[in-house]
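Okay, structure first, notes after.
Here the chain labels run A, B and C in written order, and each chain numbers its own residues starting at 1.
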Amino acid sequence: MNILVLIKQVPDPEALVEIAASGKDLNIEPKFVINLFDEFALEEALRIREKHGGNVKAISLGGTKAIEALRTAIAMGADEAMLIEDESFAGSDGYNTALALSRAVQKETFDIILCGRQAIDADRGEVPQMVAQFLGLPHVGVVVKLDVDDGKAVVESVLEGTKEVIEVTLPAIFTAQKGLNEPRVPLITGVMKAMKVQIPKVPVEDLGLTKEMGGPDGSKTRIERYLPRKKRPAVQFIEGEPRQAAAEIVRILADVERVI
Amino acid sequence: MDKVLVFVETKGDEPRKASMEVLCEAARLAESGRFSMEAVCLGAVSDVLKNRLLSCTHKLVRLTDPELAAYSPEGYAHAVAGHARQIGAGMIMAGATGVGRDFLPRTAVILETGIVSDVTAANWFDDPITFVRPMFGGKVFAEVACPASPVVVTVRPNSFAMDMPEGINGEYVEVAVGLQAGSIHTRLLRVDDTRKDAVDITEADLIVAGGRGLKAAENFKVIEDLAVVIGATVGATRSVVDAKWRDQADQIGKSGKTVSPKLYIGAGISGAIHHIMGMDSSKVIVAVNRDPNAIIFNYANYGIVGDLFEVLPAMTEEFKRHKERV
Amino acid sequence: MDFAFTEEQQFFKKIITDTVDRMVVPKAREIDEKDEFPWELWKDFTKLGYLGLRYPEEIGGMNADPVTAMIFYEQIARGSVGFAQSVIMNILMGTYFVYRFGSEEIKKRCLYPAMKGEKVTTMCFTEDQSGSDLSATRTTAVKDGNEWVINGTKMWITNGPVADFATVLATTDLSLGAKGLNFFLVEKGTPGFAPGQIIDKLGCRGTITGELVFDNVRIPEENLMGAELNKGVEYLGEILDEVRVMTAAMAMGIAQAAYNEGLEYARKRIAFGKTIGNYQLIRAKFADMATEMEASRLLIYSAAWKIKEKLPSRLEAAMAKMFATETCLKVVDEVTRIWGANGFANEYNPQRHFRDARFLLYGGGTHEILKDFMGRILIGKS
């Protein structure tokens, strides 16, 4: 069973994120982690390999620093890793990210591709499905259980909250949701292997792409500017008798805040 | 004039609420003359459903194919992309539901275009049109333009108002898609409807929490009743957990769990810093307390000064009534 | 001149930081409150293999250089000093002499299991009336045929009451002072070897620290941990600098944990309508703390680098130990002030850091002794 895991290095969830004065960039505290959902994907790949044998390869698209995320994958137990090294593609939209990843994946032999259901920085949740479409492969999203057997997989997906059991023929792409597993803490033997390993870096040109395609002009969508989160305004007291106040707060929560 | 194609998701006789919101927004846009509109759906359509939808859209197209009997990302992606291409849609819009977010990225790839996922607002009259979407879990928002055409957009539920348009009586058409046999590689085996366990408090979208003001363990019933009605998870302050009124697992705060739900309702909670450090990143905070000077009001969006044993049951009743209305 | 960690060291730092965050941080409070050896965490953590940090790969270690080791010591102490103290004892002081001088049989019995966490170890030199003043050691080792007979009582022994084996400092000749000292291996179960009183400590709880009693303990000749007799102090010198810089790194671990608590509080606590991080006096505290922590780390990592390069480091190691520990004391103090009265509440973490920090004052030499020692080097004998 050959398994590819697409992982993304993202800012630490605790990292400070501030909008640059221009409004067109973000200043992000330089603390990075593997995207949470990608860790579930990686762990699942390792478990499938432990059960069925085979090879786990982690692939990431990013700048040089993303090597660290791939090293972490090796430390956890991935057999190999590869970085598609390109800053402009790494900051690109979902379409171009998926395009670059699918080009890289095309050169591999695999039965399964695992990814996180979404990256916790851009929060797009688009790329795995787009990779699947570029490759003409089926995908199952938001997976909490994955059983692989003889050219097919039986999967539990919680796309809409309820659990759906889906059968899919391999090769296929799966996006991991929290609950799929509990990712392991790397052993020192893995850490040592990861510290020494040479991780191949592939420029996008090797995938038949140009740097310009990853830039803002080559993207299908483009971020025009960033907006801050609204600050919590001063408390608004709801007056009146309990019943009136209750009616008013329900109205506000439903129609103004729209959280109900 | 650009054409907006709205993907409508249905369940039995009902359209999904998120779909209706998008449909209403599209109808408003059509009225403004900025776009023309058309809706597309893929499941079975009863007369009730049909009539309901036709009062919101100038045209409703049902795409039919034996392969579309059940949802599959491949089937839906191809069907919607094919139809969009056929009618020359300039925009495809759908609710950012699980299904919408699952298959529309594939549609975008088929149409060689971009997708803007999970938007919370749109600047329709800007040139180019921009969509606002949260990033970093809502820490910042981005205004996104899509130079490519058609633009595919999924809209987060509760983003657009569901004001029903008036005077629309659209036409209904069925179109056979003709998907290739064997083009769908996923098969739904069964839906596991066993009741979900209560959502863990760190992942809950809605939380109702109680503090010392509840006065006794059994009084948490007013908190639980409200939580059940809105589908929230119950939380508690440390002092309540220390008093063994609630389990340790419910504790929100510095030595408990850190939560950031969409809605946090706190009753009988003074707002000790311990508790505040565990919940102040909640999106909307509602506090109910007898004491108008309670510190929790410094961190709340909305405050109700009053007896929680009167206010909470009243809120429970109102939420029930609200649910019946929707 | 290059101040940067290598890519490998940066990666190691990230992994150990994550590992500590996931495994140790959530347990820290409980470890402190229970003040019992955290066996469950010990088993889970030592399974990962970090106890072989400093030893060669051929025997299952990681062969980490001193700089990398400091990264580890700092992070594990950030998680829980009580736990870190036990872990580091197995990594460094408790196993060093066995690694250096033990026969293959002894290594199989003691070192390799200790590197896997299957055995808990300790090193003991402190006594009731001797600590920094090693020449006052009163524990004796007397040769009797092909055995050594150990007599004496050791105090303040980290892991002592739970240790499976101990490296014990004893004199073969009381009249020789520091020149009569040697290390001996004593294993649990040897008749006459027993734990005594357990010390109830202010901080660093969860590490079991106490007395070890040696009453006519007979051990084989090969348990002398030294190539030559009476060279114990010289052998101790081989790791003394690392032990001091390690203590400094642990101080930075505590300081960082406290600093992070302070940061969170400053960003959330509201006073006079603003979060307190908006006030200049609070901001000044962070500027001072961050500056002194940075200075401490420069001392720590440059001293570690000197040890790695086998350059003279005795002075620098002492400086790092003293400066980082004093900085840590300032930081934990400032953080309890930032937390106001809450800094005094047992419910929150700052008080734990405040207590833990003081433990590092004594290990690796009190600052009074260290200053005297440094002054002597700097001025020279006159």
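In the analysis below, a contact is a pair of C-beta atoms (placed from the backbone, for glycine too) under 8 Å apart; a residue touches a chain by one contact, two chains touch by 3 or more.
Because the structure is a prediction, the values reported are computed rather than measured.
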Central chain of the complex, centres being mean CA coordinates: A
Chain located farthest away, centre of subunit B as origin (C-alpha): C
Busiest interface, counted in C-beta pairs: A-B
Gap in Å, rounded to a whole number, between the CA centres of subunit B and subunit A: 21
Centre-to-centre distance between subunit C and subunit B (centres being mean Cα positions), rounded to whole Å: 53
Chain centre separation in whole Å, for subunit C relative to subunit A (CA means): 40
Sites on subunit B at which at least two other chains make contact: 298-299
Touching two or more other chains - residues of subunit A: none
Subunit A contact footprint on subunit C (complex, rising order): 7-8, 10-12, 14-15, 18-19, 22-23, 47-50, 52-53, 57, 62
Subunit A residues touching subunit B - in the complex, by the definition given at the top: 11, 13, 17, 19, 26, 93-95, 98, 120-127, 129-130, 132-134, 137-142, 154, 156, 159-169, 172, 178, 219-229, 232-233, 235-238, 242-243, 245-247, 249-250, 252-254, 257-260
Residues of subunit C defined as touching subunit B within the complex: 29, 264-265, 268-270, 342, 347-348
Subunit A - residues contacting subunit C, complex: 33, 67-68, 71-72, 75, 185-189, 191-192, 194-196
Subunit B residues within the subunit C interface of the complex: 238, 254-255, 273-274, 276-277, 280, 298-299
